[in-house]
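Here's the structure, in structure tokens; my notes come after.
Letters A, B, C, D and E name the chains as they come in the text, with residue numbers starting at 1 for each one.
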């Protein structure tokens, strides 16, 4: 029973990791940038979720606003921050991104206060028994279901449609992609929009699960996200999902049975390093 | 005055630390997001040994040795991964380091080690020691760049596969760069512990690793004077920023971003361009700079 | 079909091509020749929109396309098989062709692809391999095939015979003649000068970024000074 | 003017506590200045942000000592930063009164150090007694993996045998943790009668709401880290019934405390918390010392502070030879979305702070 | 072929498989000291793969490579290079951050860069610069010595690749399509250079599609098709085999004239 419950909890956590890591994967796949500032959209989603729900009482509206505004800001971030430095070596974008993330974190603190925000009456907390005493809150169930569906759709888009092929072409050789009628900006805008909106989506869920949004809430997910895209083999949607769920479960068991030796972050990264020693191309890489 | 001395000492340590990373990242092209772990190994080694009654000066080479050894082990493990994979792996190393140190009671666990005994050296004396070591490190870096090793590392940074075809034992060289770089980080760590008289797991985390990488990139990756400048400036910045109080991290983050956005080659790049402009104004022919295709 | 008026292009402040004027007649093959570094590839990439146009005009069917972005140019009927092939390395052969056909209706893909595969049957055997795993010659075929997938009015091919074995070179040249017959206009850059002279209608010879000779291929072949000095024939 | 220093986290993860602490300290200074300062000289509070980080605290302390030349200083910060600053104040012979940092090594740095809050071990022992007072035996410890949580756990485990408590299991978690699903699943299988969980409000809020959501109904005991309205806001309805050991009694009838509660709400716009009250007390104690020395610092100030007895919002205090305080522990409980008095633990023997010779 | 001279390079039963594809299928051949061996075959025949498995870039599925009687199997690339192999790659890969000369100098420093410690202790590069200049001059790009490779046309870069390989002072030089991208005059010149280098004692394996030049300078050919060795012998012998003609030239008239032009050039 405990075993099942730990797996279930790992899956919940893994779903959230997956949602966050997906945006990182998309951006990494497209531009080869480690987009640390991505986590800012996760936080932003959390804040907008709480603020809109508290103001209007509608969680649906909160999701829509959070995703839409994060998506648009994602596009803005691409245009203003990354587009001009695409030709630079990758660490330039990495440092820029870290700088942006720090600035965003502080901005959230200055605007919304250091102590964070909570829902006045957190929705979707009802407990549902799935089987044999295994219970989930509504929110937990929905986050798992939502993740699988969304990632399924994206995976389909990436591998089986013209849009997906177009995206992948821009990764290999942007200039040539342009010469075959692909508008680079559109493709990249689209990716940033989807990635950022998904991060915001995850942010709203986490806010629901913890009933707390804080300026610093993006930090841990952002570097876990980086670990996940590496585990997933960099740039593959399916790999990212599997890696995120695996990591969720590893952490779930690790925090119980290994917490005397390593903390949660260290467990995650020990796992990562271990995997990379044997599969330097990642756990679920195509290559 | 004592405040300035302490600031200068801290700057010296940062310069040394940043130069050590520059050897690995700037010269050899191996991005490391976990360099603070080696600062930590050096700092803990020196602190523990000092506590055990060994004179501080003797702990410095031992700190270098310990950090260098760990560096080689990490280097060996990292040989199989490249580029961004390496960046994330090294990031993992620093989390692992912090995670492990946290749990070790003999290393002070969460609380770290405080009241580290030190040599009979005045604050000014210690500052001079730090600055001298930083200067020596800078000289060493310049020397390495000029040596054949520098040429090889540079080549590896650009294209390691081709280096192999030119008969270069790439892993050996990468390990050498790792060993030297991490040993120097260990030296910086010894000084760090002595300066703050305190070491704890949180002093050597991911944030520290990022901030030292920022120093290197901010100054101009690969350029020794640039890195010295970047490290000196960024390490002093938070102290100056006290004035803007609440906004200092915002400004710090913004500055990092703006620097990369508008001058990706760092301060060294700005200076280089300015010099070139100066030379052009004097009537020399405009240099053709080929963008990479 | 295409008219270059006093075209200058280059990289930053550097001018690779200066004041090139050239007219391509519809349904002909024009050979752009010259030594290494003469500026042939730069000209092609400038027409495709990837090298900065510093001066002059590019007229495609009378319309100035100098200011429109590359992804629009291909819709106007311009396709390129660039120097160095520039394939989408992480995509399979089939997906590379698919990208070539992006501007065409999805329903036409199969038909267009099969056309390319009859031209280069070797590609048919490697449809699912990644482009990066192809041999040098296979890559060249794919690059040309990919450009053909756009069903261009004008196709620009850089170094057609580079790395190809004689048999395939023959095949490609026959394909070119076929395409010309179908009404396609072709701009060909070639180091294999005698082959180019044999197939082209018009010739333009570049040297250090400017035209040193222009005229019909027949005339070029009969100008011994030209062939010796600029075309590296002996 | 007479300058006193104040290091406090105004940015970074601890900024909320830092703000409460700053409010508390400012109240103490304002009150003293309203009473005419010290011999007519105004007191000037020099505030620097230390981000609750040891690395930032060192230059801050150096600056306070060297540049601002403060006669005394107060820590409104967490343990890591306070401990790093302590050495510098000690070697400069500047008395340093620590508000709520609970790390044991602080007062052992030297004789210029004072602390107005109970140490972690002491509070932990109080926690054990509280469990026993509740009549429970089977305990699960959930320990925040930092100096705060670990010293609490140490104290609790130290006293547990005295009360015949059965510690079924202990789990540790990191300060960044907000999601406790796995841990809670395991706790459920342990089936405890009471849970002793250390953490700050931002850990405890999610922890307790997730535990209650998962169907754990047994009492949960927290400590000073829970103290404040923020915890209740985050945990929502799940907060009801949560207990904590702390030093500020919201239902106090003592005038200083009542006064402070009202003033703080007016100044800060939210209800008083332990952090603010402790900072107020620490600052007020330093000022009282200065009043006795007529504004002089150094050894005179040190001795003056050590000799005094103080009635503060956090209770009646005296310092022992290690300059730790001996005082009662307040137990508060959440009722109707607010902290209220549950009980007071008065046990001078059990709650005795460590002294110079005894650890 | 002289059975008495021991082979410099001996490739036996080499097999390289990528997934289901046999890029090289059971190929064996010898390279005799001092010869200039042409390796030809259709596109995708496995020539590059074969060469890469000799240098160790690709790990063969099975097979055996010996240099001077010493087995190279399982040896890392750099060790094989130090045993006396040098490779000029099909796709040029110059170091863009340093000048053309420095590119060659770096290769010429093999002596110094053998061990990291030695490399650390040496600064001077005068002798290496000399070797570098010589190598550049040999392939005819001495004028470009101080320019950056990033802005050089392909023709220069191709020769830079060859120069870099020469500077390693190998026993056996492996050239993968060095003439591609050069015009006939330049190709002719570089081919002559290669022949000249060979005459001075260097053993060379040359992969090339420029049949005219191959026929002109190679003493012996090995032909691959679909991963298999289908022929070997003198250029004339090989070209007279119908299998080779079918695989490589196609049966039609253009090809015929192509060959006669090519073979004609060989006599010119």
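The working rule: a residue touches a chain if its C-beta (ideal position, glycine included) is under 8 Å from a C-beta of that chain, and two chains touch if they have at least 3 such contacts.
Per UniProt, the chains are A = Branched-chain amino acid transport system permease protein; B = Amino acid/amide ABC transporter membrane protein 2 (HAAT family); C = Branched-chain amino acid transport system ATP-binding protein; E = Amino acid/amide ABC transporter ATP-binding protein 1 (HAAT family).
In this text the structure is predicted, and so the values were computed from the model without any measurement.
Chains touching both chain A and chain E: B, C.
The minimum number of touch steps linking chain C to chain E comes to 1. Among the other chains, D has the CA centre that is most remote from the centre of chain E. With A-B and B-D as the two chain pairs, more C-beta contacts join A-B. The chain with its CA mean position farthest from that of chain B is C. Chain E has its Cα centroid 43 Å from the Cα centroid of chain B. Computed centre separation for the pair chain C/chain D is 76 angstrom, with centres defined by C-alpha atoms. The residues of chain D that reach two or more other chains are 11, 145, listed in rising order. Contact of a single residue of chain B with at least two other chains is seen at positions 102, 246, 249, 288, 290-292.
Multi-chain contact residues, meaning those touching two or more other chains, occur in chain E at positions 151. Across the complex, chain B meets chain D through its residues 1-3, 6-7, 10, 102, 109-112, 114-115, 196-198, 200, 202-203, 238-239, 242, 245-246, 248-249.
Residues 11, 13, 15-16, 18-19, 145, 171-174, 176-179, 181-186, 188-189, 201-202, 205-206, 209-210, 213-215, 230, 233-236 of chain D are the ones touching chain A in the complex.
Residues 25, 31, 77, 80-85, 87-89, 91-93, 95-96, 98-100, 102-103, 206, 210, 213-214, 217-218, 221, 246-247, 249-250, 252-261, 264, 291-292 of chain B touch chain A in their complex. Chain E meets chain B in the complex at residues 55, 57, 76-79, 81-82, 87, 89, 93, 95-98, 102, 105-107, 109-110, 112-113, 115-116, 118-123, 125, 148, 150-151, 164, 168.
The residues of chain B lying in touch with chain E in their complex are 143-144, 146-149, 151-152, 154-155, 158-159, 161-162, 164-170, 172-173, 175-176, 288, 290-293.
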